[in-house]
Amino acid sequence: MMLKELREKVYEANMDLPKHGLVVFTWGNASEFDRESGLFVIKPSGVDYDKLSPESMVVCDLDGKVVEGDLNPSSDTPTHAYLYREWGDKIGGVVHTHSAWAVSWAQAGRDIPAYGTTHADYFYGPIPCMRGLTEEEIEEAYELNTGKVIVEGFAERDIDPIAVPAVLVRNHGPFTWGKDADAAVYHAVVLDEVAKMAARTEMLQDGVAPAPQYLQDKHYLRKHGPNAYYGQGGAH
Amino acid sequence: MMLKELREKVYEANMDLPKHGLVVFTWGNASEFDRESGLFVIKPSGVDYDKLSPESMVVCDLDGKVVEGDLNPSSDTPTHAYLYREWGDKIGGVVHTHSAWAVSWAQAGRDIPAYGTTHADYFYGPIPCMRGLTEEEIEEAYELNTGKVIVEGFAERDIDPIAVPAVLVRNHGPFTWGKDADAAVYHAVVLDEVAKMAARTEMLQDGVAPAPQYLQDKHYLRKHGPNAYYGQGGAH
Amino acid sequence: MMLKELREKVYEANMDLPKHGLVVFTWGNASEFDRESGLFVIKPSGVDYDKLSPESMVVCDLDGKVVEGDLNPSSDTPTHAYLYREWGDKIGGVVHTHSAWAVSWAQAGRDIPAYGTTHADYFYGPIPCMRGLTEEEIEEAYELNTGKVIVEGFAERDIDPIAVPAVLVRNHGPFTWGKDADAAVYHAVVLDEVAKMAARTEMLQDGVAPAPQYLQDKHYLRKHGPNAYYGQGGAH
Amino acid sequence: MMLKELREKVYEANMDLPKHGLVVFTWGNASEFDRESGLFVIKPSGVDYDKLSPESMVVCDLDGKVVEGDLNPSSDTPTHAYLYREWGDKIGGVVHTHSAWAVSWAQAGRDIPAYGTTHADYFYGPIPCMRGLTEEEIEEAYELNTGKVIVEGFAERDIDPIAVPAVLVRNHGPFTWGKDADAAVYHAVVLDEVAKMAARTEMLQDGVAPAPQYLQDKHYLRKHGPNAYYGQGGAH
């Protein structure tokens, strides 16, 4: 069996999604990319979490084709594949959920503004909501084009996917990523927490402004980059 | 004892309601229809969930009359009976709850718009809120007429109960259904989740529009019908 | 030791409050009245729930004086005492909590309108918010006068405490009651659920109207009174 | 090993933060001050709660310098140190969290008004939101200056930190304190509960006013000071 250790890791990352309250039923998936082989491991489609196992994970190539596995991979596999194809030098794990607060912003079609340090500790700037896919893009190759819209959206708005490891797909929901599947799960948790706080902030104050840029800089940079001093020297 | 296996199934479906946080105290009930005998099995009325057992389930006919069982069936039995009488060729399970988000929409007297793919994955169009019953309908046969208002409402608005397996009864709460009791429970969970997301979406954006129809089509049809490709070939 | 069985019952009722998520720390108390002796049993003041026992419950008379017990009774004891003194022929249990949704309505100074059947199943009409106590009433005898304001408020508005077994004390929080301590706990749970649903209903629809009176009548009367048909013949 | 007992106490206080649902991942810290030695014990930075132990706690002096411990102390250590330096005669424990409701008020840049008795039982007046730090203050010594802004803010507004044991740091989150670490944790729980109730109160009533001053006086003073009569004679 290929990528035995990675299967175990991706299995555990998937199991963490319901533990953190991010998924209902089967509404989420985590994957991790193995740079050496150019393959990634992802959850099978529509299988209950309590029936998952490391062995049931599916190995795919960067075209989203199954390389090993008896089950269909997640229907979102072409999105994962495209993100690794384009950003695989920077990111090693991807997560998709329908976590309720993040979905609400995606359905509202809005970026999540950086209202405070909880946000700035992990996301350097607003979490962008992408444009909706056109009817043609949906009919042609929905999941692949979802990936394309994300990558193009980040390029157009000049956002570094390392600095902002999350996106809202319009009328759909969030994708997050990171150096591995665990980091992507971590960011999925932070995203929903930040989405909740931002919604409540607006409820409390009409026309509230984002946190000052210098405060965002301070918090992001005390956790990330060469001058980070948060934690024990091992960045998250 | 009649329908022994079905009693077990309906018992388990009822027990799933508090597990999913959908019911407080005794405020919910699940039933399943046996097409062969023309009977259905339903929870007894007002009995604590921790005192339920497969044996305490009640067997009723399509007039809502008790065929076997020592306890009174759920007070909502005539609604279940009417839904099976009218739609029994299409649906095999019915659930009623007072889940808080769905009730809030029912009390507001509003359809739940299809704001995103979480909704569209299970409900093909808005989840309709029915007209309220008249004083005469309530006095004459409240629970039976609740069923009639639902079936007439779907017919008038030309909604297929298979494509939209949920309804809001005005000032009351939700009913959901599916191919069996488990599917009806599943839809009850999705309904409350979708109701929550929709409320928050409106909180974040005044005048927000439903998801484009072609996106709704895509999501519903990738899970349902002959061209479905979500999951492992067994539709929910 | 006096009223041994009642102490056990009141202890259990108090322990149910944190189980139902109604109290944080020590912010709640339940009592039950023994008509025969004219005494009631109540939780001690400010003691952690995990240190309570049947023996630590306090027995008081209808002036709120301690008859048996080593600990101070709840600081709200004079309110409980006054309710039993005035309504002791009708009610046998009282509960006070700071449950978050009910408190929010009390702080807003508003009655909770009867927007639906979940409300009408237990409360026959709006749950009234009392006027605030005057400075003089607070200085003279705060907790006793809280009871007086409740009883006078119900009399002035011609509300039967059996039909509406809950009240909001302005800027403070809810009291609920019932035939015994268990029923008062039950109503405390329903009150917070109904308070939550009502707040969300207003969020979804400006200027929403209460449920039609005939629907409220139907639901209240199918559960209560001589023609009740909900449950197994034993009313809650 | 120094301050063995205090390490145990601070460890337990830190562990209580996730138990009360106040922290996600590592987003919180509790400390306690030892007046005799002039040192305080604090959580290490960025270590998972399930890997903490009494031994991993860090001992610091009032300049925030590590006196004993193998790990880096919390990045917020200079804030804790400054609060003990300035208020160490009054307070013995400090807690910082990113609890969601309190953060939402901090991001909105608003004081939390005292809308009711739940608030007044613990906080004598509104919970103040401090001014934001300037760019210079952030660049110079962010965490130390956070402490300075708090102490100056309380002095300018003439707020006694004993009477209001909580603050909102603008665009960041809450700090709470008390006679020891346990009391600071307690106040952190109350703060988030009160922040939630206040937000919902405003949702229910535009332009709602704080509770009358005489009601706030009554509730605060029945729990605190020489005439307190809540509890068993031992103030919290």
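A, B, C and D are the chain letters, set down in written order, and residue numbers restart from 1 in every chain.
The criterion applied here is as follows: a contact is a pair of C-beta atoms (placed from the backbone, for glycine too) under 8 Å apart; a residue touches a chain by one contact, two chains touch by 3 or more.
Which protein is which chain? UniProt says A, B, C, D = L-ribulose-5-phosphate 4-epimerase.
Keep in mind that what you see is a predicted model, and the values were worked out from it rather than measured.
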item: Copy-to-copy rotation for chain B and chain C - C-alpha atoms, rounded to a multiple of 5°; value: 90
item: For chain A paired with chain D, centre-to-centre distance based on mean C-alpha positions, whole Å; value: 33
item: Inter-chain centre distance, chain B versus chain D - centres from mean C-alpha coordinates, in Å; value: 47
item: Shared-contact residues (touching 2 or more other chains) in chain B; value: 203
item: Topology of the chain contact graph, where touching chains are joined (line, ring, star, complete, other); value: ring
item: Residue numbers on chain D that touch chain A, as the complex places them; value: 24-25, 27, 44-47, 71-72, 75, 98, 100-101, 103-110, 132-133, 135, 138-139, 142, 171-173, 199, 202-203
item: Residues of chain B defined as touching chain A within the complex; value: 115-118, 186, 189-190, 193, 196-198, 200-201, 203-205, 208, 211-212, 214-215, 218, 222, 229-233, 236
